[in-house]
Structure formats: structure tokens, C-alpha cells
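Letters A, B, C, D and E mark the chains in the order given here, with residues in each chain numbered from 1 onward.
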Amino acid sequence: MIFLVAFLVLVMLAAAIAAFFFRDLLSAVIASCIVSLIASIIFFLLQAPDVAMAEASIGAALLTAILIIAIRRTGRYEE
Amino acid sequence: MTFLNEYAFYIGAFGLILIGLLTILLRHHLIKLIIGLSIMETGINLFLIAIGYISRGTAPIFPVDGGAGTVMVDPVPQALVLTAIVIGVAVLAMALGMAIRLHGHYGTLDMRRIKELKW
Amino acid sequence: MRVLLSLAVVAVLAAGIVTVLRDVPFGGNSSRLGSHFVENGREDTGAANIVTSVVLGYRGFDTLGEVTVLFVAAVGLGALLVAGEKNAPRKLEKASMVLTTGSRFLFPLILLFGAYIFIHGHLTPGGGFQGGAIIASGYLLVYLGSRDRRLGKNWAASIETGGGLTFVLLGLAGLTAAGHWFLSNFLPLGVPGQLLSAGIIPIIYVAIGLKVGVELTGVIDSLMGGTE
Amino acid sequence: MTGVEIILAAAFAGALLTWFIGRTSSTAGSAFAVAVLLALTALVALLHGRVYETVFYRGFLGLPMSLRTDSLSWFFAMATTVLAALSGIFSLSYMKDRKNTGFFNTMLLLVNAAMLGVVFSGDLLSFFIFWEIMSWSTFLLISFNRGQGVNAGLKYIVMSLVGSMAMLVGIGWLLGAFGTLNIARLSELIPSASGGHQLVLLLLFGIAFGIKNAVMPLHTWLPDAYTEAPSPFTAVLSGMLTRMGIFGFLLILYVMAGAARVLHSPGSTVPTYNVVLAWLGAVTIVVPTFIAMLQNDAKRLLAWHGIGQGGYMILGMAFGTGMGLAGGIFHTLNHAIYIVLLFMSVGAVQHRTGGVRDLNSLGGLARKMPVAFIGALMGISGLIGVPLTNGFVSKWMIYRTLILGGAPFLAFAALIGSWGTILSVYKFLHNVFLGQLPSKYENVRSSPVSMKIPILVLSFAILLFGILPGLPLKVIDGIVVSFGLPSLDVSLWGIASEAGTLNTVNLFAALAVGVLVVLAFVRILGRSERVGQDSNYSAGCGVPRDRYNYTARYYDPLFRMISPYLKDFFSTLYDGLARGIGSLCEAVRMIYTGYVSSYVMYILLFISAMIFIHLTWNPW
Amino acid sequence: MVNPVLLLAVPMGLAFTVPVIERITGRVSRWVPVAAMLFNLVLCVRLIPAVLEGPVIVQLGGFVPPFGINLYVGPLGLFFAGLIALAGLVISVYSLTYIRTGPLARYHMLYILLLVGATGVALTGDLFNLFVFFEILCISSYALVAYNGDRAGLESSVKYLIQGSVGSSMLLVGIGMLYGIFGTLNMADIARSVGMVDQGVLFVPLIFMLGGLGVEAAIFPMNAWLPDAHSSAPSSISAVLSGIAIEVGLYAVARMVFTVFGISDLFLFLAFLGVLTLLIGEMCAFAQSNIKRMLAYSSIGQIGLILFALAVASGVTVTGGLFQFVNHTFSKGLLFLSAGYLIYRSGSMEISSLQGMGRRMPLTSLAFTVGSFSLVGLPPFAGFPGKFLIVRGALERGGTVIVVLTGLVLLCTILEGAYFFRVVQALYFREGISGGSGERAPAAAAVAMILLMMLILALGAYPQFAETFLRSAASDLMGAVEHVGSVL
């Protein structure tokens, strides 16, 4: 259990750092989506199913969707 | 081991917050800043939930048949985070809308170049 | 220079946080508030899901604010984007047949699932916001599948208004009918765990679910742009 | 309602009504303004000899606001209203063809009302409120003429604000220390305060009143303001408004702190407050008077005299014997009369010549504008202090005080000031009214009636107070007595002191003999010959008028000699200061770089700096 | 007795109905803010007697504090609610005609909700609820700043949004920490138990909250968004933001410091911070040639002044600070409203292009003049009593540092006077430039401006009326013990 948590946290932080570094905005968005998804799993592990659902449906799905829409309308690469 | 047990979630939460802040401080692209904000907000939510966690508690939902006497985690932070998530997405959606309009005006989203208002 | 300064700032922040966390151990005892809610939540509000009883019962006013925040965001985005939309609707490439058919098939199911989530908000995990988000993602799918289908503006406006007004009016009804407090429950609480229980909570959650669904759809709609 | 309240209500209501009447017809507005001013004069005159205090308003933060009248208030109020009424009459024709007459009249009445409020205030709060109303309405009037007036107005209001803020601190401190702002109560309480506190208090109020009275290092607003304000208002400004500073000094030194406490601190080697003030007064006499000589703008020349003459008042008042005090107050009145007269004369010239007041391009107007000439002549006589004019009496009293008080240096300074005055005002009179008449002013008409009346009235007043100084001195003696100083020996013809008596009858006789002798001398010996301007003097070449008109560049050699020493050092200093602040402001706003990450950095820097301090030093 | 919750619920409900109203008839929606604010104003007036007897505690949902959310309607909260309603009413009358392009109904919805957010912040007794209402306030102001959709509006709005979100996040972190330490979110409950916890631990959450709220309150290092946002927004929104939004932020700061944490050690620091804010704001304003930017920087200065007044923390200065709140709302509102039409008429925001406006738009110029005189603190306008109270109280309290800071405050007043008088001179005493549109301020705007002018004059001439109420508001702010006692 503890190792699972540690692993998840590590991946989550790695994804966040990746989101920091990616020049391709779409990749960065996907990375931040991964952060949200893992956060959602951690919420579930922390006995917060309501929040996990909200994070998954709003933070991971919806936010990613609108980010992608925005990127599509502005430009994909960070210059 | 106990260190991990006690601090893994906090490290995750504040790691996210700090990475989000660094993104806002060091990146120039508006969409990147917005991603930074979203990461930071996720971190804050994680922090709040971690505060409310009780060792070996269960989710604060009563099954149909009683369930009295079980230790449940603190429901208050969960309620707060629920609100915070919605507020966060509202702000970010607003920011994205502005980004789209701003791109229309400036043709770029590099904040180093969007500084007509200064001094 | 800038990087170093940023790192230093962040490091000091981290140090400050650590000093606080020493006094807030992870997994410690439940707070006074939390244990009170866990013990009395079911009796006070009639909801089996204590989070829901907090969200809509004890802290119902927060949720009204939260709904308002979302409303503000939807309205604001509309003001921002619809107003600035001068270019003609862009031509969109038609979606593939698989996507179109799939979305048509999936959409009612997703809608139903969303409805399930918010109708059972007081019993199981989930509630108005999650359900609303799911409904919105259903609409997203429709947008992806059949590009020219959009939510009817009149429908959207009525649901937004209806949902918000329901919440406020229920609160006002509580003010007059029961206990003289805003958002007081004035309906029978029923047996916790049954669908028809918890007084006004399911009604509010249905209203919120619809409203959030419509608003999030509106957000997506505005961001997609080029409509009407 | 008591008399004072009626007067103030009438003054403010009059200002308001003037605006509304001026909206419909500017002529009616001007007429109404003059009527209000005359009525106010009458009302104030009725108040003579009354001494009382009345609370008129309790609605201000729990502090009762009161009005009071006594001999001091009455004296200043009377002077204010009379001069304002005369200026109002003067402005009837001066403002006739200008824009915004209604605004001008309203503001003139408002300034007048505020001045009345200042002199009648029974507590420092209402004093301050009226003082501020006076300041900002003056600001609007100084800016009225546009052009350079805008800068002059800004300079005035900024310096005025400096003074007001100093006064506000003083008032706040008094309220904190004594719990009351009533002047009568404070005059009982202040003497019990420690010396240091009193000094701070006097300093703070001194800055405020010093700026208003243009005492030397704080004078820089005045030349510009006098020069640029419309002439009728310059008259009010120079006559009484500036002298509200003197009123303030009298109030704070004699009424509140108490004459006995302020003046005599025996055995002290440190110069006392009033000695410092007296020396400032002396400097204020000497330097501006010589700067005045350098001026080529008629109003600016008079303006510098306004500063210099203020020095006499300060000197007499600060020296603080009964005679000196009376001299100072009397000089305030006299100065008001002749400076108003002078500004009116200049205003009349300006009115007829189309706004020209450059001394190098005027000349010979005496014949064209005889009344203005008489006014100017009487005015400069008073200003110099020619015997049998009012200035002589007050200056005599001040000299007498200084010599008797064992302050020969101060007396010498005052004397130098008089010499400088003679030189410079002669230049003024000569360059405007004597000498050759430039041909373009051949058709200048005499000044209009509404200008003649106040000029003649004031000229008469100069003679009247010069010959019968006892008239105002009786009132002034009352003021001096009310300060707790011994009464003066005043007769209708003069004033007696332990070192000699001033008697204008004797003076008159002596002067008459002297004048006759000189006249006879001139008559017998001097036969002047008239030379045409176009005679063969320049060998047939065209005469460059501006250079050969002998009014041009008057005192040029003298300028070359003394002007390096007479730079207005403080004005340069303040301008530099203002520029410095300006560039500092420009520098400060660069922190808002426009780059959003920097802004976020500021936020986080604040938080982390606080945390860092907390963790490192743990001060909280 | 009427229930204070109606102050929030009714405008909120009205805002919710606007989408449908707009669908039915487009012309009515602009009257909704007027109706909502009028309702609030009447309600506030009716609540005054009850509140003066003792604070009204509203237990939302019928749950006893600290378990439920409560509204704490003391004199201070009611004061703010009334101020917001009054200013909101006047400005909504102004916007009836000022806002004429763009999605009008959405403007009016957002406008009501902005005011609802501000009222909520002022009334709530719960930390997280405070956060939620702050978000309502902020998000609606983000949208309204960008309402015109021009370059400047969008740029400033997006910058505002980023800084505001970082601020809100910091606030939320602070609230989370407090919840971790105390296990409660009720302000009174925290205030009660604050003494039982090690003060050192409390410092970090306090700083996080101070930083977060400081962004909204525009305290010095956190205020970079303000000049941009306030100068680029439509003038009616600038008036609301300057007159209400940042003041509410400052109120929240004061509530935290006085009531929740109740620490007096930081007061001197806050006074210093206030004077720093004042200095920076006034100096930047002095250097501006753009009139709205100048007004925006002057708002920073005023916030600094009020922060200083509150931080000196004697009864008199706090009363003075609250008085300055009123004055700033009215005066800055008036200034922005009049500047709106001056700019409209001249077609430029440069001060030099406003020359000669006194003749072309007499009423609007007069309004600007009255507003600036009042803001500088000249009698007989509303600015004077506030400034007088602040100076008096600060000097009464004494202490070398405070006296020096008071001196600096007054120096700033001089600076403020200098740049405001410069504009007044430009309006009246400089030769005008022809051009721009030939339109006068319409009736609704004139009514709004005249109303504000009359309020300023009335307050300046009879400050007693406001002062008696403000004194009880001040003791409400400073009396943490009474707060705790009445809530729990």
C-alpha cells in the first residue's frame, strides 16, 4: 500500500515536472491530465470517493477537454 | 517507512503546489501558466484531503444497513474540495476564454510580449 | 537569476509549510467538526452520504455560492467570447461515421448515468457537480460526433434560471416554512438510505445537476466558438 | 442667530446665490456680488465692540464648532470686507468683457466668506475648515487667467497644502493633548504644556502661517500667484488673504500661547521663538525688496514688495512690545490699503492697455490716466513711508520699537529695506506713468468710473490714516490690551512713547515748509526745455524706440552689480526638489513592469520574505 | 424583523432570472441591478435598529455555529452591505446608459453577482464561505474588466486573473492550514481557540492568508494587477472595483487580523505596509499622464491610507479608516464615473486631451472636481472628516514611529493634491482642444453623479451622522471577544 502511494506520488510529480518542461502544449496538457487522474486515484485511496469522482470528471476530463479546445484555437507550440 | 507513511501525501500535495508556482514564475506562455494554475489547484485539493484523512478510516458514507461505530474520515475537507474543484475549473475556463481572445488580438500568448500596460 | 530567485522563494515557502505540518500530523484524529458531522449527519439531514449532508446541509450556503461561481464563469465566458466573435463560423471537417454513430448511441447513456449520479447524490458517492460534469462530457461527445449540433439557447437559459431559482427559492421557503433559517429543511427527512429521503437535498442536487450540466456545456460551447 | 453667524451665513449664501444669478446674467451677478460685499461690510461694522463666543454647529465628529468675535477679529474682518468690497467694485469693469465672470464673482465671495470664517472662528477646527476653503478657492482664482496662472496656482496650492498639513498635525496634537480645540479653552491650557511641546506646536503652526504670509524661506509661491491672478483678486490676495498668516501668528502667539510665555524667557541663551521669527522677518524685508528692484513686470515688482512688507509686520509683531505689536498690526492694515491701491492702479493700466504690465514697454501714462497715477503715487508714498502717509506711522512705530528694544541690526535691516523700496517703487512709478508715452498708447482712455472710485477711496484712506493715525490705532490699542500688554498712549494725531512722540500736526507743518522751499528752489533755478522725440539727436537714423526710450532697462548698471547675489535661492531649491520628486516618481513606477510572472513573483516574495523573517529571527 | 440573508439571496435569485428575462424581453434586464440594489438598500436601512442593539447572527440551514455556516451581521457588516448597496445602486443607474454595446444582459448579471460577492464577504462569519464569496467577486470582476473586449481590457484581465488565482490559492492554503490546526472554519470558533495554540505555528497560515487577501486588497507588493485592471475596465466597473472590491478585500484583511487572529504584534508592521502602499500608489499616480491609470494608482494610495488607519488600531483611527472607506467609495466612484464621460467625449484617456472640458461638460467636470477635492481631504467635502479622524487618532496614540508615519501620510496627501489639482486645472484653466463626440452626459449618468456629489457634500458637512454608526462598527471590528461571545 505504502509503496503504491509512493509510486503514484512519484509519477504524479514526474508528470507535473514534465508539464513544466514540455514545449508542446498538447503534451503538457496530457501531462497535467495525468496529474489530475493520479490525484483522483489518491483521493480514492484517501477515502474520498466523492472528490475522486469530481476530480476525474471535472479536473481530468472536462478541464483537459477545454484546454485542448483552447490550444486548438490558439496554437500548439510554445515559442 | 513511517516517514513515507506520514508524509507521502503531503509531499505530493506541496510538490504539486510548488511545481505549479514555478510554472507560473518561470514559463512565459499563457497556456502554460494556466496549466500551472491547474496543477497548483490540484495540489491544494490534495493537501486539504490529506488534512482530513484519519488512519484506517472509511469513506464517510453510511451503507444502507447501519454502519454505526465505524471510524470515518473527516467529511468537511471533502466538501471543501468539492467546492474548490468547481471554482478552480470555473477560473480556468475563464482564463482559457481570455487566452483565446487575447490570441486574436496579439497573435501570440507569450506573456513577455503582452505587456502594453505597464508603469 | 530569475530561476534562482524563484527556487529560493519556493524553498522558503516549503520551509514555512513544513513548520506548520509538524503540528498537523497526517492521519490524526478527526476534527471536532468532522466527528460531529459523522455522528449526527444522518439524523440532522437524512442523507446517508455524509459528504452530501455537509455539502448541502451544514454547508449548503457554500454550495449556493459555488453554483453562483459556476454561473458567473459561464456567463462571463459567454460575454467574453460570444461578444468578441466577429468571424464567420469556421468550416469544420465532418467527423467520421464511427464517431457519429458512437456518440449518438452513447449520448443517452451518458445522460442517464449523469442523472443517476446526481439523483443518488445523497446515498452514494457523487452528486450534482459530478453528475453535471458527466452530462457536459456527454455533450462534448455530441459536439465531437455531429459538429453542428448545439444546445438550444432557450433551453439552456431556462434550465440555468430554473436550477438557480430552485435553489434560492428552496432556501427562502426554508426561511418562511421551517425554523426561520435560510436553507432550513422543511420536508420530511425520511429513512436514511432510501431514495426519497433527506428532505430538500435530492431536489437541490437535481437542480444543481441540471444547472451545472447546462453551464459546463455552455462553457464548452463558448470555447468552441463560431456558433449560431 | 447671533451677529457673527448671520454674517457668515450671509457670506456663504451670497456666494452661492451669486453663482445662480450669474448663470442668468453676468451683469446682474456682478452687481449682486458687490451688493453682498457692501452689505457684509455694513454688517461687520455693526459688530464693532462686541465680544462674545457662540457655538454654531455641533454636527462635526462630536467637536462643537464655535464663532467668536473680539477686537482682533473685528479689526481683520473689517479690513477684509472693506477691501473685498472695493475690489468687487473695481472688478465690475475689469471683468466686464471676460469669460466666466459668474465663476469669478462666486469665488471672490467664497474667498471673502472663508476669510471671515477664519477671523471669526472660535475653535481651531472651524479655523482649519475655513482656512482650507480659503486655500482651494484661492487656488481656483489664481488659475483663473490660464496660461502661466495654471503653474502659479499649482505652486500655490501645493505649498498651501504643506502648510495645512503642518497645521493639521498641530491641531491633531492639541486635540490629543488637551481634548478641546476651543481657542479660549486652549489659551488657558497651553501655558501648562512643556516648553518642548510648545515649541513643536509653534513650529507646526509657524510653517502654516509662514507659508501663507510668505515669510522668507517659504515665500516662493507668492510672486507667481500675485502676478498671474486677475488684478481685482490680486488686490484681495495681497491685501488681506496673505495677511491671514499674520492673523494666525497673532492667534497662536498672543491669544493661545500667551504673550507673557512666548516673549520673555529670561536668562535663556538659546534664541527664543520670537527672536528667530523677528530675524526671519528682517531677512524677509531685505532680500525680496532688492529682488523687487530687478523686476520688469509691474505686478511681479509689487508682489516682491508684498513679501518684503510682510517682513515688517512679522518683525513688529514678533518683537512683541506693545508698540511693536501695534505697529505690526497697523502696518498690516496700511499695507493692505496701499498694496491694494497699487494693484488696482496696475489693473487699471492693464485694463486700458490690453493686459500690458511690462515696465519696459510702458511709460508716460500719467497724463492719460490721471486717477490711476494718483493712486500709484499715493500707493508708493505709503509703501515707502513718506511722512503724512499711513506707512510712515506704522514704520515709525516699528523702528522705534526696534531701536528701543536694543536690536540695532534689525532696525538697520528694516532701514535697508526702506531704501530698496524707494529705489524700486520709483522705477515702478516712473516706468509706468512718467517718461515718454509710447506712441501706441496715444489713444489710451482714462480708467472707468468703477475703477476710479476704489482708487480714490483708498488714496484718501492713505492720507487719512497718515494724518489721523489715531483712528485705527485706537482699535489696535484695544487688541494690544486684550493680549495682556500695557495700553499705548494714543491720541488722534499720533502716538506717544517713552523716546519721543509722533505728532502728525508737527510733521505736517515741517513737511509743508520743506515742500515750499523745494518748490521755490525748482521754480527759480530749473527751467526745463521740451525736446521732440524726432529731433536730430540720432543723426537722422530711425530711433530704436525700445532701446532709447529712457524708461527701458532702468537701473541696468545696478542690476549687473547686484543680481548675482539676489538669485531666489529657495525657489530654485524647491523647483529642484519638485523635479527630484517627479523623477523619483518616474523611477518608482518602473516596478510595475507589465510582465505577469514578475507580478506573481512580488506576491510570493512578500509571503516568503515574511516567512523567512519569521523563521530566522522570529520577531513575532 | 427582516432576515439579513435576503441581502444575498434576493439579488442572487434576481441574477439567476436574468437569462430568462433576456430571452423574453431584452430591455428589462438593465433595470434588474437597480431593483436588486434598491432592495438591498431598503433592507439595510430597516436592519439598522436591530443591528445597533446587537449583532444579528444568521444560522444558515438552522445549524448552530460552528457546525453550520453563519452570517455575522454586526454594525460593520451592515455598514459594508449598505455601502455596497448604495454605491451599487448609483453606479447601476449610471450604467443604464453608459453600457450600450456588448452582451448587455450578461453585464448586468455579472454586475449584480459582483456586488453579491462583495456583500457576502462582508457578512459571512465562516472562512471558507469567505473564500467562496471572494471567488464570486473575483471571477465576475475578471469577466467585467474584459467586458469591452479590447486589447487593454483583455490583457489586464488575464493578468488580474493569474494574480488573483495565485492569491486565492494562497488564501485556500492558509484556510486549509487553519482547518488542520483548529479543526473548524468558523471565524469566531477559531478566534476563541487562537490563544490555546503556539503563536509561532499560526504565523505561517496568517501570512498565507494575508498574502492571498492582500492581492484583493491591493496591499503594496501584491497590487500590480490593480492599475491595469482599473484603468482598462469600463468606467462603471472601475468605479465598482475601486470603490467596493478592494475595500472589501481590505475589510477581509482587517477581519483576519483583528477578529480571527487577534494579534497586535503585527500592527506596527501593517501600519508600515500601509504607508508604503500609500507612498508607492501616490508616487506612481503622480507620474501618470493617463487619467484612469492615475485614478487607479490613487486607489492604491487610499487603500494604503486606510490600512494605516486600521493598523494604528485605536478607536478613533479605525473610525476614521471606516469613514475613509465611505469617502473613497463615493469620491473614487464619482471620479471614475465622471472620467468615463470625459473620456467618452474627448476620445482619449490622456489628461492633456481633457483640457477645456470644464466648458464643454460643466456638470461632469464639476463632479470630477468635487470628487478630487474630497479625495484629497479638503473641507467641506467627505474626505476631510476621515483624514482628520485618522490624523487625530494617530497622534493621540503617539509613539515615535506612528508619528513619523503620520507625517509621511500627510506628505502623500500633498502629492495627491498636486496631481489632482493638475487635472482640475486641465479641465477648467487650459485652452481646450476641439474634437471628440459632441455628446453630453445623459440623464441617468447625471443623476448618478449628482447623487454622489450630494452624498459627498452631506457627509462632509454633517459627518456626525455617519460617525456615530461607524464608531460602533469600529468597536465591532476591534472587539474580537464580543464577536466570539455573540456567535457561539
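Quick notes on this structure:
By definition in this document, a contact is a pair of C-beta atoms (placed from the backbone, for glycine too) under 8 Å apart; a residue touches a chain by one contact, two chains touch by 3 or more.
Source: prediction; values computed, not measured.
Looking at chain A and chain B, the chains that touch each of them are C. Should one ask which of B-D and C-E has more C-beta pairs in contact, the pair is C-E. Compared with chain E, the chain whose C-alpha mean position is the greatest distance off is D. Think of the whole protein's Cα atoms as having one middle point; the chain whose own Cα middle lies nearest to it is E. For chain C, the chain with the farthest CA centroid is D. Work out the mean CA point of chain A and of chain D, and you get 76 Å between them. Centre-to-centre separation between chain B and chain E, using Cα means, comes to 29 Å.
One inter-chain figure worth recording: chain A and chain E are separated by 37 Å, centre to centre, where each centre is the mean of the chain's CA atoms. Mean C-alpha positions place chain D and chain E at a centre distance of 43 Å. Residue numbers of chain E whose C-beta contacts span two or more other chains: 128, 132, 135, 139, 142-143, 146, 149, 158-159, 162, 166, 173, 179-180, 185, 200, 204, 207, 227, 284, 287. Residue positions of chain C touching 2 or more other chains: 6, 9-10, 13, 16-17, 19, 24, 30-31, 33-34, 37, 49, 51, 59, 62, 65-66, 69, 72-73, 76-77, 80, 84, 125, 127, 129, 219, 223, 225.
Looking at chain B, residues 5, 9, 21-22, 24-28, 33, 50-53, 57, 59-61, 72-73, 76, 78, 80, 82-83, 85-87, 89-91, 93-94, 96-101, 115-117, 119 sit in touch with two or more other chains.
Here the chains touching each other pair up as A-B, A-C, B-C, B-D, B-E, C-D, C-E, D-E.
For chain C in complex with chain A, the residues that touch the partner chain are 49, 51-52, 117, 125-127, 129-130, 133-134, 136-137, 140, 216, 219-220, 223-225. Residues of chain D touching chain C in their complex: 601, 604-605, 607-609, 611-612, 614-615. Every residue of chain E that touches chain B in the complex is listed here, in rising order: 128, 132, 135, 139, 142-143, 146, 149-152, 154-159, 161-162, 165-166, 168-169, 172-173, 176, 179-180, 185, 227-228, 231-232, 284, 287. Chain C meets chain B in the complex at residues 2-3, 6-7, 9-10, 13-14, 17, 21, 24-31, 33-35, 37-38, 41-42, 48-51, 53-55, 59, 62-63, 65-66, 69-70, 72-73, 76-77, 80-81, 84, 124-125, 127, 129, 192-193, 212, 219, 222-223, 225.
Residue ranges on chain B touching chain D, taken from their complex, read 21, 24-28, 33, 111-112, 115-119.
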